[in-house]
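You will see chain A twice below: alongside chain B first, and alongside chain C after that.
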Partner chain A sequence: MLLSQLPANKISEYLSTQELCFKTGSINIAVKSNIPAIIKHITDFYSHYDCLEKSDFIDLHVEVYSVGGYRKFYKPQVTFSFDGYEPFIPLPLKQAPAMFEWGLNWCIANVAHQYLIIHSAIIEKDGYGLVMPGTPGSGKSTLCAALVNKGWRLLSDEMALLSLKDGLIYPAPRPVSLKNKSIQIIKEFAPNAVFGDVIADTLKGDIAHMVAPVSALKGQSVPVKPAFLVFPHYEDNIEKKLIKLSKARALMTLAEHAFNFNVLGEEGFDSMANMIEQVECYDFSYSDLTTALDGIETLIQ
Partner chain B sequence: MLDDQLVVQFLRNYGQGSLQKIDFTGYCWENLIRQSRRVNLLSRVAYFLCELELLEKIPEQPRQHFINAIKLSDANARSVYVEVKAIHQALNKEKVDFILLKGAAYVWSGVDSGKGRLFTDTDILVTKETLLPAETALSHNGWFALSLDAYTQKFYREWMHEIPPMTHRSRQTTVDVHHTIIPPTSRLKPKPIKLWQQADAMENMPGLFVLSPIDMIIHSATHLFHEGEFDQGLRDISDLDLLIREGVIEGNKWEELLVRAEELDLVKPVYYAINFTQKILLTPIPDKIIVKARSLAKMNSFLAMIMDVLYSKALITEHKTYSVNGQSFARWLLYIRSHWLKMPVYLLAPHLCRKSWLRISGQKDH
Partner chain C sequence: MLFKVYFWQDESVIYNIKSGDIHLLSSFDGKVLDLMSSNTKQEVLIKKIIEAYQIDYQDAEDYLGKLYDIYRKLSLID
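Moving on, here comes the complex of A and B:
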């Protein structure tokens, strides 16, 4: 059953009085929150996610709530709690949805050590997995959002979960988070995509979330074999350039993008080396989104 | 009250050797995972299950959390190895000896309390005379103190038993350098020289020591019952349980423990430690030893009763799956008490006023 099939008002009732439980990929999540912006965020972005039963095992219990004591009146703040532990300092209340998404990312990166977790967008087309790691500003989320609107399947725009057991990458589809200029770019590029309100002035600038397509949820239990590893770089006014990377160089760069490399040690290194062994590795510089997409589509042809 | 908490029951079962007998399919693994993660005990719980080869009996989803938790403590142990070697290299050049304390010492020396033990900072003890050379040596080798304001610097250096924490520039790890085990302003006055006299030298690492097994217990007890921080109280009680079983119960060294506690002027925390590990984890500690410790600590029965109530509440894991009436009040009272124990009133009053002011005015505090 989907969250949207719950009786009217149940999403908000469960969220504020007990917990609302849903799954993304193989991860089961229970959320509690009485913040209206979070209730709206979940209703807008997670309605097409699968509801969990009472008897299901929950991996992550999280809560988003307002804090501040007497400061509530003039400086309302929000905090994120992973089952009683608060990994971040509180943020202004209007950033609650962004904090919820960051908080979930933090939880997965700190708990799911059955995977090598790479800070990267991961999408799929025709069975080819495309891994796009990126530092902030590189345009990984922009490219990811654009490609997803052109028919690629979204596994995640933020973390690739590379299984240590079978070398496949597992989905955990969530809303795509776009920043600053790319919000407008994608809105123009994909007029049918559904966006939330812009959350201004966060640590990462302005943020808007894009709803994960239904296809992402339909395929949430289907892992993908990584085929291409592309490091995107956005630059002003350049010709697009796709440069093949040596495997050694790619490995070194990729290691910097892994969240739990030090936790996994040798096991993590081996998995990463195996993945690099099977994929084609590229550095990709671009300015213009449309030509960039053509460049990427040619990879799988 | 204590009996209902799953993580407490689990640790008791392990201690009594009855873990094999629990109902593996009907067990509420989710609550165990949640409660133990809350007090940083998930890796230890997982270690116990793995040690007894019970992981395979657990349903797949919770089992994965345990396996992942073991990876975490393994990674922690690997980093201790790197960290301690680096500290040793820096200090040994300047001929500064040091004793590893707490988590790092448990893991490094391979005692039972190192099983699945997680920690973030490395705590070391140097003598007061070598404090400055130690600080200099560390700062020449990549560690630096976070810039603290003048008050905090003064607070650490004049009243505390440690210098401000030093963080390594590239590894981002932190070392806490202590010159004694409780603040010099405290009422209890253990002499650190006595700890040095019985410390165990580590093989192949000249100048590196850990406390003797008995002193490890006393230090762990002092840390828990003198510092007033109970957020991970159950983890500390579990440490004490393992330390006491290995260091005292195995060789029946009760006399030795009490004599040593008196020698170090730390009978009171040792009384609390044996009293509460017995109460909470049913550690097999003879009642007569607890009574004896209480009388050595010169505690009257009224005071002992009050402290019983307060600590019993404070030490329970705070978690949604389990609520304790009056816990925050008990923790608050014990927090005030810990300051009371550490500082004379003429120092304490201005310090707490300053902390409150910083909190109320919304400024940062250390």
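Moving on, here comes the complex of A and C:
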């Protein structure tokens, strides 16, 4: 059953009184919150996700709630907890949806050690997995959002879950998080894409979430074999450049983007090296989205 | 074994199992490291360096000495 098929008001009731449990690809989540903005965020962005029972295995139990005390009257804040632990300082209440998404990313990066977790967008087309690791501002989410609106399947815009067992990358599709100029760029590029409200003045600037396409949810149980590893770099006013990288250099760079490489040790290193063995590696600089997409599309041709 | 090594064409990547550090080396230097760790005799290593770089014995000996220093500092050999 999908969350949208729950009887009216059940999403709100489960969220505020017990937990709302749902599946995001390989990660099962249970959420509790009485914040209206979180209830709206989940209704708007997760209504097509599969509902889970409390008896199902849950990877992450999280709670997003208002900070109490006098502060809630003059400067309301939100905080995020994971199994009772609060990893972040509270944020302004209006940033609750952003905190929820960041919090989930943090949880996955810190607990899902059955995977090597790469800070990367991961999408798929015709069976080819495209891994795009990147630091904030590199344009990975912008490219990812544009490509999933051109027929690529979204596995994640934020983290690639590389299985230590079979070397495949497992999906964990969630809303695509866009920042600042990228919001308008993707709204113009994909007028049919569904966006939430812009959350202004966060630590990362203005944030807007784009609903994950239906194709991402249909394929949420289907892992992908990585075929291309592309390190994107957005720069103003440059010619598009797609340069082949040596595998050794690609591995060195990839290690910088692996959240839990140090936790996994030798096993993580072997997983990365095995992935590098089977992918073509590129450094990709671009400034214009349309020509950038052409560059990416040529890879699988 | 103190490290793992993967070779690709003319480059290699070394993983230090104890520290978790990784290092990018030329493929040849990676192979020398591999040989050092299996207690290959110094004369054999010098011969390989002479063949690879077409240098005289003294230069090869110096080169090998530097590699020993670097690899010891990185705790890749004892």
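Throughout what follows, the second predicted complex is superposed on the first by the 299 of 301 C-alpha atoms of A that agree within 3 Å, B and C clash if a C-alpha of one lies under 4 Å from a C-alpha of the other, contacts with A are read in each partner's own complex, and residues count from 1 in each chain.
To be clear about the criterion, contacts are C-beta pairs under 8 Å (C-beta built on N, C-alpha and C of every residue); 3 or more make two chains touch, one makes a residue touch a chain.
Because the structure is predicted, anything quoted here is derived from the model rather than measured.
Peer 1: Who does A:61 touch here: chain B (first), chain C (second), both, or neither?
Peer 2: A:61 sits against chain B, while chain C stays out of touch.
Peer 1: For A:255, decide between first (touching chain B), second (touching chain C), both and neither.
Peer 2: Only chain C is touched by A:255; chain B is not.
Peer 1: Looking at the overlay, what does A:273 touch: chain B (first), chain C (second), both, or neither?
Peer 2: Touch partner of A:273: chain C, not chain B.
Peer 1: Applying the touch criterion given at the start, work out whether A:114 contacts chain B, chain C, both or neither, answering first, second, both or neither.
Peer 2: first
Peer 1: Now for A:168: first (chain B), second (chain C), both, or neither, which partner does it touch?
Peer 2: neither
Peer 1: Taking the superposition on A as described, I'd like to know which of chain B and chain C A:265 touches: first, second, both or neither.
Peer 2: Touch partners of A:265: chain B and chain C.
Peer 1: I'd like to know which partner A:85 touches here: chain B for first, chain C for second, both or neither.
Peer 2: In the superposition, A:85 touches chain B alone.
Peer 1: Does chain B (first) or chain C (second) touch A:247, or do both, or does neither?
Peer 2: second
Peer 1: Report, in rising order, the residues of chain A that make contact with chain B in one complex and with chain C in the other.
Peer 2: 262, 265
Peer 1: Touching residues of chain A toward chain B in the complex: what are they?
Peer 2: These residues of chain A touch chain B: 28, 57-59, 61, 71, 83-85, 111-114, 262-265, 267.
Peer 1: Which of the residues in chain C end up touching chain A in this complex?
Peer 2: Chain C reaches chain A through residues 4, 6, 8-9, 11-13, 15, 17, 20, 22, 24.
Peer 1: Report the residues of chain B in contact with chain A in the complex, numbered from low to high.
Peer 2: It comes out as residues 29-30, 34, 37-38, 59, 61-62, 64-65, 67-68, 71-72, 74-75, 78-79, 318-320, 362.
Peer 1: Mind pulling up the chain A residues that touch chain C in the complex?
Peer 2: Result: residues 246-249, 251-252, 255, 261-262, 265-266, 269-270, 273, 276 of chain A touch chain C.
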